Structure formats: C-alpha cells, structure tokens
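Next come two complexes built around chain A: one with chain B, the other with chain C.
Moving on to the complex of A and B:
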C-alpha cells in the first residue's frame, strides 16, 4: 500500500523533508507556537461553520428563526454555534499574538516579506470574517454593528458611497445586506483565505523558521527537530486550546439576543466585538470635526492609512533587511500595541 | 518565433495582444461590477406617511415611525406642537431615541446627543438631524419630506 502510494505521490520526499526540518531553540521560541494555534482554530472554524450551514437559512425572515431552532431544538446545536463564535474570537486573538510576535522578532525581514504580506492580509480577512459573520444571526446588535461598520466604509472620501452600497446591497442595511454578507462569509472570503493561507504556509515550509536577529549568528544557537519533538508540543498546546474553547463554549454559551428590527432605536450599551473596541472608542472620542474633516472621516483615514502601511512594514524597515537590529521599528510596534491596549481598556471601562 | 520577424511587426503584435487583453479584461469586469451594484427598488422612496392620530401622542414624547425604508422620529412638545426628524444619527447611521428624563434625542451607539430641535449638542454627531415637515389634518399627523 505504502509502495503504491509512494510510486504516485513520492511520499519519501515528504518524509525526508519532515525529518530535516528543525525549529530554532532560544528564549523567544515560545512565539513559534501561535501560528500553529491560529491554524488549529481556523480548522475548527471551517468544520463548525460547515455544520452550521446544515441548519442556517439566510434571509430577513428566516435567519434569526433558524438559529433559534438550531439552539433550542437541534442536538448540540447550541454547542456548535457557541464553538464557532468562541473559536472565532480565540482565532483573532491568536492571530494578533502571532502577528505582533513576528513583528517584534523581525521575522518579516528579508527573505520573508511575502510571508508577512500574506499574513497581514490573512489577519485583515479574519476581521472581515468576524464582521460578516456577526450579521448572520440577524439580531439587534448585529444589525446596528453592520449599520455602523458599513457607514464607516461609506465615510471614506470619494469611493465610500459606492462601496457602502456595494456592501449593503442597497441604501439601507436590509435582507439584501444579509444575503451579501452570507455570500462573503461562506464563499468569497473562504476562497481568498485559502489561497493566501496556502502561500503563507508554503513559504514557511520552504524557508523554515526565522531566528531573531543576533540568534542566527550565535555560534551556540541550538535547534530541535520539528518531528516529533516540536510537533508533539504543538499538539499538546492544541489540546489545551481545545479545552479552553470547550470550557468557554459550554459555560459561556453564545447568546442569540433580540431579533433585529430596522425601525427600533439602537439599544443602550451597544458595543462592538472586543477586537473592534479600540477603533470604536477612538471614533467615539474624536470630536465632531478635526481640522477641516468630520471626526469620523479623520478617524477612518487614520486607521485605513495605518492598516495599509502595516502591510508594507518589511519594505520600510531597511535596517532589519540588512540584518541589523534597530530600535525605531521596535518602538513603533510597541506604540501600536500600547495604543490598541489603551483604547481597548478605555472602551471596556467606559461601557 | 524566428529572428526574421521585424521589430515593427513584433511591436504591432504586442500592441494588439495588450489591447485585446485589456478589452477582454474590461468586458469581463464591467458586467460583474454593474451586477454587484444593486438596482433601485421601487417602493423605497416615500414622500409622505401617516404617523397616527394626534391623540396617540402624549405631550413631551418621542415616537419612532417608518418613513419608507428609513426610520423617523416624531417629537411632541409640552405645548402640543409637533416636529419630525430623520431618526438616523448623522454620525454613523444608528437609530436615535427620545430620552424623556434628559429631554434630548440620544444615539446609544456612540453617545451622540441632540436637543429636541434636532441640533447636535454633544458627542460625535457632526450635523443636526434632517428634518421632515409635519402636517396636522383631520385629527391626524402626516409627515412629508421637507
């Protein structure tokens, strides 16, 4: 059997590659695990998402009801939905940790620019998954989150209006928006994500793990075999993550809330998901007008520009390209993290 | 291709390829872009709605109503007079509500505040609420586009 497969698939090449693969061992090694955790959670998202599809019925009149049916009548329906929601949150968190650790260890530097660019795009796409998936239960919170979110897109000068209409499928958030977001969430985004993820993982396999600057020239640098040493640690951590996920999903089941009513006022105390909280807080604190711009336009341009520049970080950081350590980009990275943490906590406190 | 091909001929061929390539691309992209742009749905546009009988609204109250596919808010003042505004917050599109205790129109999403004349007085809203015209006729309240 093995011989039959080997003749057709050249398994030996894969095995010998896995045997040769090593992972550097140093004091920053802990960060190597977060990409794998993100991948693990993504796989959970795919599986639980497909399961939800078996019962979910998109549409203004059916979406909310189908999820209520799923949660109250379908065996373990509440669990599958809860897992999908919690895993989405954990995935964004793991991806953020992965991204910032890659940033601070300069793992994006030459020749790994493509891995960084695809990685950041995957991260943004994860946020887009979160945003589009949030609307699908068609509850009150989702409805207003989508109104605000798409209106933010609409406030971009010149192109904003058409983009907003494109997202909403009309002038208002309606059943047409739900259909579109469903299409984004289960077809368009997964398709793009898969391609980017394939490139991302292929690059990691071809180039191996990056060592922090300094470590790579350290004559005493150690490394451990990927298989089985590192792989087993990976699997252990995945098991721990699975347990955390199970605890969250079982003891803090995801609420369904109140069905959306397009003609009701926004409920008091409405906030977005935690990963959008810092942007929410900044937009809330910006005055109605900044310079000659409306406050929200200023905020949107600020975040849009920052997020675009972030994609191209490896090309700006000339020092690390030459393999030199530099303070500037560490300071920028820490400033971004502190900014996000500060406004997230502030948003939390001011609820 | 043999070396005998003249540079002019090569340039022409490349030009033709590029042009037809661009045309093909445009011919594919344009219909898709046009397809994605939602057509105007009839029935969305409304110029006048009946909100209810005058007596349905107590003085010093605010009531949400449907104006076509948009929400509106009808304010009845202490003196019994009416004014109506679009209930869509000028900041980021949430739906506002009447807050009796504070005597304001309030947006829960980002804590935007308007006075009862629809003027933005606090928080992020950049402009006042859009106003509708209120017509009282035969004991009923009608709202029309201003």
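Moving on to the complex of A and C:
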C-alpha cells in the first residue's frame, strides 16, 4: 500500500523533507506555537461550521428558528454552535497573539514579507468572518450591532454610502443583509481565506521558522526536529486548547437571545464583539469634529489608514531588513498593543 | 299730560299698597320696592311671580337685577341709566348677573345663605357650555332651568328643579331629538322614557322625592359627559355616585334594600379591575343595572346581563341542563354560583364538592349523584392540568437557570395555559365530554412539556458528566503526550551523547 502510494505521490520525498525539517529553539520559541493554535482553531471552525450548515436556514423568518431548533432539538446541536462561537473568538485571540509575536520578533523581515502580508490579510479576514457570522442567528443584539457596524462603514467619505448599501443589500439591515452576510460567511470569505492560507502555509514550509534577529548568526543556536518534537508539542498545545474550548462551550454556552425585530427600539448596551470594542470605544470618545472632519469619519479614516499601513510594515522597517533590531518599530508595536488593550478594557468597563 | 299721568299713578299706588298688603301681606319685603309696586299694577306677570321669589324674601328688589333705583317712585328717575338701570338682561348677561352673588360665598353669606356657591363657574365648565379657545359660551342660562321672577328653592315642590319636576324640565330639551341635534346629535333622547321604566322613575312618579332624579346622578350645575374622568357618571366615579344613596344605611332606611353593594363591588373582580387597575372595559354599576332605566336584573335576565361581556359562558349555559333546572328551581343563573356584587375571580375552587360550595348545594353522593360524579371528575382533570403545568414551569425555570434552551417548551406550554383558560368557559356547558374535549389536549401538552423540561434538566447534568469524562480523557492524553515527548527527547539526548554529536544543530 505504502509503495503504491509512494509510486504515485512520491511520499519518500515528503518523509525526507519532514525528517530534515527543524525548528529554531530559543527563549522566544513559545510564540511559534500560536500559528499552529490558530490553524487548529480554524480547522474546528470549518468542521463545526459545516455541521451548522446542515441545519441553518438563512432568512428573516427561518434563521433564528433554525438555530433554536438546532440548539433544543438536535443532538449536540447546542455544543456545535457553542464550539463554533467560542473557537471563533479564541481563533481571533490566537491570531492576534501570533501576529503581534511575529511583529515584535521581526519575523516579517526579508524574505518573509509575503508570509506577513498574507497573515495580516488572514487576520483581517478572520475579523470579517466574525462580523458576518455575528448577524446570522438574527437575534436582537446581532441585528443592532450590525446596524451600528454598517453605519460606521457608511460614514467613510465618498465610498461609504455605496459600501454600506453593498453590505446591507439596501438602505436598512434586513433579510437581504442576512442573505449577503451568509454568502460572505460561507462562500466568499472561505474561498479567499483558503487561497491566502495556502500561500501563508506554503511560505512557512518553504522558508521555515524565522529566528529572532541576532539568533541566526549565533554559533551556539540550537534547533529541534520538526518531527516528532515540535509536532508533538503542537499537538499537546492543541489538546490543551481543545480542553479549554470544551469547558467554555459547556459551562458558558453561547446564548441565542431574543429574535431580531427591525421595528423595535434598539435595546440599551449594544456593543460589538470584544475584538471590535477598542475601535468602537475610540469612535465614541472622539469629539464631534476633528480638524475639518466629523469625529466618526476621522476615526474611521484613522483606523483604515493604520490597518493598511500595518500590512506593509515589512517594507517600512528598513533596519530589520538589514538584520538590525530598530527601537522605533518596537515602540510602535508596543504602543499599538497598549492602545488596543487600554481601549478594550475601557470599553468593557464603560458598558 | 305728564302731570296728569303722575297724579294718576300716585293715586293708584296709594290705593294698591293696602290692597296688596291684604292679598300677600307676608310676602312684602321689609324694604319698599317702588319698581315692584308699579309693575305689579301695570303688567303684572313678572311682578306677580316675584311675589313668591326666594330673592324677594331675601330682601332683593327688582333693581338688584335690573339696576336703577327702587326707592324712588319717579319712574324716569328710577329707570334712568344714571341710576344704573340696565333693563331686561339678555343672553350671557343673565347668568353673569346671577353669578355676581351665587358665585361669591361672601355675598351669599351676607344674605344669610350657607349653601353651596360657585354654580356659574360649574356651569361654565359643564356640558351645557361650549369652549372655543379661551371663550366659553353658555348653552343655557340660569333662568332656563330656574325661571326668572318666580325662582323658588329646589326643595319647593313648585320649583321647576324640584325632585318631582326636574325630570320634565331636563326632558324638555333632552327628549327633543330635533332640538338636541343642534348640539349633540349622538346623544340619545330616550332618557326620560327609560327613566320612567326604572325603579327610580316609578318611585318618582309616585311622588317619592328621595329617589334619584337627573341631578342626583349628573349633578346640578357641573354636568359633564360620562367620558370625562371628572364626571360623576364616569365609570370610575359611578360606584361613589350611586353609593351616595345606596351605601348610606341612613338614607336607604325604610326601603328594605341592602347598603353593602358598593363595598362588595369594590372587593369584587370587577371592582378591582375597574377601580384599582383602571381597566375601563370592566363593568361599573350601570353596565349591569342600566343607567336611566336602572333596575336590578331579574332572575331570568341575569345571564343576559352577564352575557353581554361573558358571551361564550352565557351561550354554553343557556344550552346546558342547568339552565332549565335553575329556571325550575327559580334560581338566578350566574348569581347562584358567582354571587352578584362581590363576584370573585372564577378559580378552580368554584368547582368543588366541599360543604358550602356551589356544586355541593345541589349535588351530593346521594343527591343528584350524576352531577356529583361529573363535578368530581372535572375537578380532578383540572387539578391534574394545573399541577402538571406547575411542575413543568418549575422544571423549566430550573432548566433556564442552568442556561438550557427551553423556549420551544415554554411556547408549547402556552397552549396548555390556553386550555386551562378555555376550561373556565367550557365548564358552563356542565357536560363532562365537552369539558374533557378542552382539558384533555391541554393535559397532554402539559405532560409533554414536563417531560421535555425534565429532559432538559437531565441533559444539563449529562453535559456536565460528559464534559468531565472528555476533559479527563484529554487531560490524560496531554499527560501521556508530555511524558512521551520527554522520553523521546531524553532518548535523543542519550543517542547524541553516545554518537558524540551536539544535542541540536
């Protein structure tokens, strides 16, 4: 059998590659595992998402009811939904940790710029997954959070209006918005995500793990075999994450809430998902006018510009390209982390 | 010529004073009223009427209303504008003149009057006035009801507003459709006709001045449409209005009527709904007794009265065996089980066979046993339904506390609750099969809900146990894996040492 497969797939080459593959071992090695954790959570997302698709029926009159049916009547339906929701949140968290660890260790430097760009795009796409998936149960909180979110998108000068209409499928958040978000969530985003992820993983395999600056030229630099050492450690961490996920899903099941009523008044305390909270909080705190722009428009433009620049960080950080650890980009990275943490906590406290 | 006229007048006056004193000696005011003296001789009607007017006996003269000087016998001088003569007042000025005294407590006190004042103010806020912006126009003047010169105390039988005459006075407008159409076409004009059929109206016709007439319920001057919350005939105020007489043991003495109705009504399900919850769909006194045609519903008509709201119950009752049996026994229909003024919420307790319960008053093990058995079975069914529903609710609350998804079960349980509500109507058919038709489906739903709710609670523990097993397996795997990795790495280390190679490249 092995021979039969080897004749057709050249398995020996793969085994040989795996045997030779090593991973640098140093005091920052722990950050390597977060990419694997993110991938593991993404796989859970795909599997649980496909299971949810068996029962989910998009539509104003069916979405909420189908989720309710899934949660109350389908065996382990509640668990699948809860796992899907929790793993989505954990995935965003793991991806963020992975991204910032890559940034602070300058792992984006040449020749890994493409890995960084695809990684950041994958992170943004994860946020888009979260935003589009949030509306799908068609409950009150999701409805109004989507309304607020798309309103913010609509405030972008010139293109905001058409973007908002494109997202909503009309002037208001309605059944058309739900259909669109469903399409984005299960077809468009997964398609783009798969391509970007394939490139990202291919680049990681081709280039291997990046060593921190200075470590490459260290004659005493150590490494460990990818198989089985690193791989088993990866699996070990995945199992820990799985355990955490199981406990969260069972002890804190994701509630369904009340069905969305477009004619009802918005309930008090509408907030977005925690990973958008810092942006929401900043937009809330901005003055009515900044320079010649409206506060909200200024905020949206600011975040839009920052997120775009973030994609191209490897090309701005000339020092890292030369193998030097520049202080400026460390300060920028830490400032971004502190900014996000501060406003997320502030948003949480001011709920 | 003028001199001749004055001489003649003086001669006539001189003759008339002793003559008038002979005819109405007691009605002469203390103060000499020269206007009255002349007018009594000249045209007569107004002055003659004024003889018996309460105002004359209080010392008022013609000039009190018409202006001028009543002390002089010189006509021109007495009726001169310089002396304030205004002639015959018309329109709004009539009521304004009356109000000058009757709206002022101090003035009225000077005349020794201790009764109510403020009648004109009341009239201006009543249904007998029209308001356009800040302008108030009276639709009728004081004199339209009280007369002009022969005004008597309302308790005086000759007064048009006296107890025995006031209904005719009000009806002179309110029973005239063509007249009423000018002011309020939607207002019925059969009040007097209905009143005559009421107990109040019959007593009034027999000369009973203590029985209620128009002003007793509607008030005299502050008459307002019943829809207005301040109206004495508004549903919310009606128990108090009727209770002024019917809750007064002293006033009702000799009538043989009880005076507990209002207190009983306040304690009833109807009274609480109306007076405490302000539910305007709840009945007030007039909804059962009628208003102008007020009469206690007879034994035969009670179900019609109650049936105006409780239509299904009444319909089922009419088709039931109890209808004919109650008629044969001369028992009032609804009242036999529910009472009248003190109707309490119809709970399952009504369907009881304990001593003193409505059913037990006719049915017993040995007396009408068929009904006894049916009632027993109905109560059993109802208790089962309620108990099962209660148990399901308890289980659902517990499951909800645990974060289980139970919305579907709660939704289904609403049908059981509906069946319980419908059973309260179905009971009026007094038929076990018909009752079972309503309660059995509800019982089935409640049992299923209880089963599902219990399963939801069990599922909660199943999830916990399941999680414990899964996390244990995963944790053991983690420990095993960690030990395995350690072993591999120790072996790799040993191999490298043996081969003399560095531990890693």
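Heads up, the rule we're going with is that the second predicted complex is superposed on the first by the 351 of 351 C-alpha atoms of A that agree within 3 Å, B and C clash if a C-alpha of one lies under 4 Å from a C-alpha of the other, contacts with A are read in each partner's own complex, and residues count from 1 in each chain.
In this section, a contact is a pair of C-beta atoms (placed from the backbone, for glycine too) under 8 Å apart; a residue touches a chain by one contact, two chains touch by 3 or more.
Computed from a predicted model, the values in this text were never measured in an experiment.
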Have a look at where A:148 lands relative to chain B and chain C in the superposition and call it first, second, both or neither.
first
Is A:224 in contact with chain B, with chain C, with both, or with neither (first, second, both, neither)?
second
Would you sort A:235 into first (chain B), second (chain C), both or neither based on which partner it touches?
second
Touch test for A:30: chain B only (first), chain C only (second), both, or neither?
neither
Quick check on the superposed pair: does A:291 touch chain B, chain C, both, or neither? Answer first, second, both or neither.
neither
Using the touch definition from the top, say if A:247 reaches chain B (first), chain C (second), both or neither.
second
Which superposed partner A:264 touches (first chain B, second chain C, both, neither)
first
Touching A:1, do we find chain B (first), chain C (second), both, or neither?
neither
Residues on chain A touched by both chain B and chain C none
Which residues of chain C touch chain A in the complex?
403, 405-409, 463-464, 466-467, 470-471, 474-475, 477-478, 481-482, 484-485, 488-489, 492, 503-505
In the complex, the residues of chain A that touch chain B are 144, 147-148, 150-152, 155, 162, 165-166, 168-172, 174, 176, 262-270, 280, 283-284, 286-289, 294-296
Would you tell me which residues of chain B are touching chain A in their complex?
36-38, 41, 44, 64-66, 69-71, 87, 91-97, 107-111, 120, 123-126
Residues of chain A touching chain C in their complex?
22, 25, 68-69, 71-73, 78-79, 222-225, 228-229, 232-233, 235-236, 239-240, 242-243, 246-247, 250-251, 253, 255-256
